[in-house]
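Each chain carries a letter (A, B, C and D) given by its place in the written order, and its residues are counted from 1.
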């Protein structure tokens, strides 16, 4: 056992599967940042004479119906995908954790109101609500980001509330209260550090779902707007070209690998950080 | 208000008891039945005092309300009625700085050494927390030095400060809990089943440590436990509780040698004797059934539904009866239970 | 020796593999005859429960068990899974520590009692129900008809443990293994359960293995006591001998550590330190670093043998207390 | 049990009321004037007024809301901006296609997940467990609409085994329905199935290690009985909840998959309505799906209470 209890990084990197997930995430970040310098062609370098070429040494992923290089578009779409999912999960994280803490630690009417609203939002299939929000606000990157963020707020609120509720009953939180520590101090020193584990896990898993949601919205024409490349929209465009399988396979593969990477990291984090497993371990040691 | 209680402070109060609890009631909302809301009577009309430097043992089985009393004193639960005075100051009515000062003076050690320390904070941070909360000892260095002193006091090496709870054994963790409780120079320490989840050999270490600390620092304890032998070992005075009520109170010596309440007698006779020979040959009082629900306690004596001596009069309110000077019992049949041939059953 | 007793011989249990392997039980031997009670005493991590769970095949897979566990002339460790299933519940009944988690929350009391009876005795559902009702009455549950249809959460802790005992005794086993069955209960309830087990044993004549951390509980119940520490038997004796003339420093420490009702002392004789880690056991006596005696140069380097120091009295130390 | 059912139904009704508020509010969040937007190039002051009063948009907001809820209760969800048809009729026409697809997907998901999850858990650490874990990890991460596209590429375009799209009602031509539903249902079902599989596996693992399972073994019950009566049965309690939650996620997947397979259900309808800014239809579809989902989760809770005797007590 390591000296510090939460050297999550080391634990994570020691697990080959999680390390692979982290590697892919790192690669994606590199693509997102350096994409324009790495892509062999411009995203909208239309060349109808080269339309619908299968994969070759010149165009590794082939070309689309307008002769655009699919590899370049896949690479350049990484940035927008990551951007939408990071920002939307960021919105959901901040709002959800705040609401969850408010509901879970202070209970009372705040809890009642927040949880009723959460129940209502949970009554909609997530995708449907996102579509409805985008439908109302008009399609585009910003509205898609907001829509995905809004539908994930309740997820974070629930996770945080559940942890806060459980932590409130922990003897060490009671011990702090018995000493005379005020609610703000207790939240800062005892609750927040201890809810962070499930919230971090949820963040990673939500990033995966957000990538999927963004792809689905863009597929439906409600997210990223052409001509800006996006994985979801590329799939929609390729749908009609049943002979040009590469138009459908590679953008989809990009989504799949990205989502898989975030899921692997999330699962790894859960195993390393999950408080239930940890406490189960400790109680076994205890008696 | 100075943060460290000097010997000259509050001399005027030194004559009275340190802690004076009167008519404490704690009720929790129970399930709702239609429009009628039922109440869990966790603690009903409990009074006791603790003299400075002494230990009061609060003994009872699960559901007796003994832990709720500890929680009420540290204001983890809000009492329904009653008063709590520390050195003559009303603890429950205090607000603001005064309330914080009173909180400083009442500390608590919890049962589960695995759950009562924050897994993400070092031992040092945990022990320093009361100092931080009460803004005692300005300066990091001063607080660190104090933490090291405290660890030394409870028999841990100073290096322990840098370690995390999961690296310690149960006994070591409980020592950390005690160091935390001592940090802010409290007058009263509530020990809520503080040795219950430790192994026998470690329990003894902790009980010895607590007694040494009491002698050294003049501490006052409220020792809450289900363990009759441990309570006898630790306490000067004892309160026996059942279903939120006092059954019997008295000095430890008197109460343990002449238990007057049938419940106390049953409780004592249920403790297995370490000597196999006496254990086999003695008669014991076996109680039938289980305690009634605290949602709907019986009228009069709450023990009457399981009491071997119960009679019709037990359904009436029970007056306090003095057994001797410092020994009271809440039982109208106590003459019955004091009869010599009944006593012989468990006095060996 | 009486035939339907239970004996473990040189039982060793290793949990996990490689560097993290924990030797939780090391060469434990004891036996108990029909109608007699063996108390197995030790603190957490002493291997007291592991010994019995391992011999009945109730440990989760990454455990290596060697030695033998003899019941009715058969070695349980050599039986196939199917054969072992025929022994468990039929000839070997179990009662565990926490009756809340040990009973299935989704099944009625009736079903949890009858399934074993149907399995082992081939009883019909109706016959099994009648038997279950009878059993509840014999373990002291009032109104058994109503309780048959109850779910565990509707019963009190004491009643749940009575149900567990009814299940364990349902097929009239040769051996009852009780693994800390009163630890989770209040002291008055504990007294009820102890009384019940004593009474049942007198009627049915089975052997009882009572595992506990509490020497006092075992004192009133057992004929013989085995004291375990760090996976080994450190002392074994008839109960009177063990309490009257304990030979091992650890046993003496345990006896002195508990406050005794009616016998007040200023200090308890605490044992300093903490029990050893089964993944990193000392080369010599397991108790060495906590031992107040350390009266022999071999203590630190050699593991002492379990030697006879009196009639049926064995202890594993280089410095047994003078008798 | 009756009291539990009533309490649960009361809760669902309250949430549904909240849902109507959200759905109603969505409509009124539309930047600009929805009627004007909807009319687009066909805008004339007369047609504007006509559509506006027909939709009740000329009244105060509160009264509009009560009117909306009142009408919804009587089954009136307004008229489509685009076709002028009653929204309720439009929705009812599309409902069977969606329900049959969702149902088929759920059957595939649960039908795969429970046996696979149980098998993996009872063979923990073996190669078969690893395979199930890897495949379900992939399944969780794959976008269902991409899976649908791949299916079309493989089974329709390349192999020519199945029709690439279209819909035949189940009642008219069961075999035709089956040949068309199999690809979209599998695409959605595999993803949900993967999520449920992982959950089943961990629930069964936990149940295998539980103390009551140890008691069952200590009774000498045969392994098969221990597993079916004590391990899997208890593991199903949390699994039921997850299946309920998955029903919602699956409905979301169905919307997109309907677009891929030109499946004339609510999803396709919503998609078209969003593109055409036909707000009453969007509103109606969202409300209907939310109501359906509430119904499902209520059914799940009641099922939960039937399995777990501890629930109905509360």
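For the reader, a short list of remarks on this structure follows.
In this section, a residue touches a chain if its C-beta (ideal position, glycine included) is under 8 Å from a C-beta of that chain, and two chains touch if they have at least 3 such contacts.
Quick caveat: nothing in here was measured; it's all calculated off a predicted structure.
Within the contact network of the assembly, the step distance from subunit C to subunit D comes to 1.
Shared contact partners of subunit B and subunit D, listed by label: A, C. Centroids built from CA atoms put subunit D at 21 Å from subunit A.
Centre-to-centre separation of subunit B and subunit C, using mean CA positions: 32 Å. Work out the mean CA point of subunit A and of subunit C, and you get 51 Å between them. Per-chain Cα centroids separate subunit A from subunit B by 50 Å. Along subunit D, no residue makes contact with two or more other chains.
Across the assembly, subunit A contributes 286-287 as residues in contact with two or more other chains.
Residues of subunit B in contact with two or more other chains: 170. Viewed as a network of touching protein chains, the structure reduces to one closed ring of chains, two contacts apiece. Pairs of chains that satisfy the touch definition comprise A-B, A-D, B-C, C-D.
Only residues 1, 3-6, 170-181, 185, 189-190, 193-194, 278, 282-283, 286-287 of subunit A touch subunit B when the two sit together in their complex. Interface of subunit D with subunit A (complex): residues 14-16, 18-19, 21-23, 26-27, 29-31, 137-138, 140-143, 145-146, 149-150, 152-153, 156-157, 164, 248-253, 255-256, 259-260, 270-271, 273-275, 277, 279, 282, 286, 289-290, 293-294, 297.
Partner subunit D is touched in their complex by these residues of subunit C: 56-58, 60, 81-82, 84-90, 93-94, 96, 98, 101-107, 115-116, 119-120, 151, 153-154, 164, 167. Of all residues in subunit B, those touching subunit C in their complex are 61-62, 169-172, 199-205, 207-208, 211, 226, 228-230, 232-233, 252, 256-257, 266-277, 279-280, 284, 286-287, 289-290, 348.
Interface residues of subunit C, counted against subunit B in their complex, comprise 43-44, 142, 156, 158-159, 186-192, 194-195, 213-217, 219-220, 239-240, 243, 253-262, 264-272, 274-275, 290.
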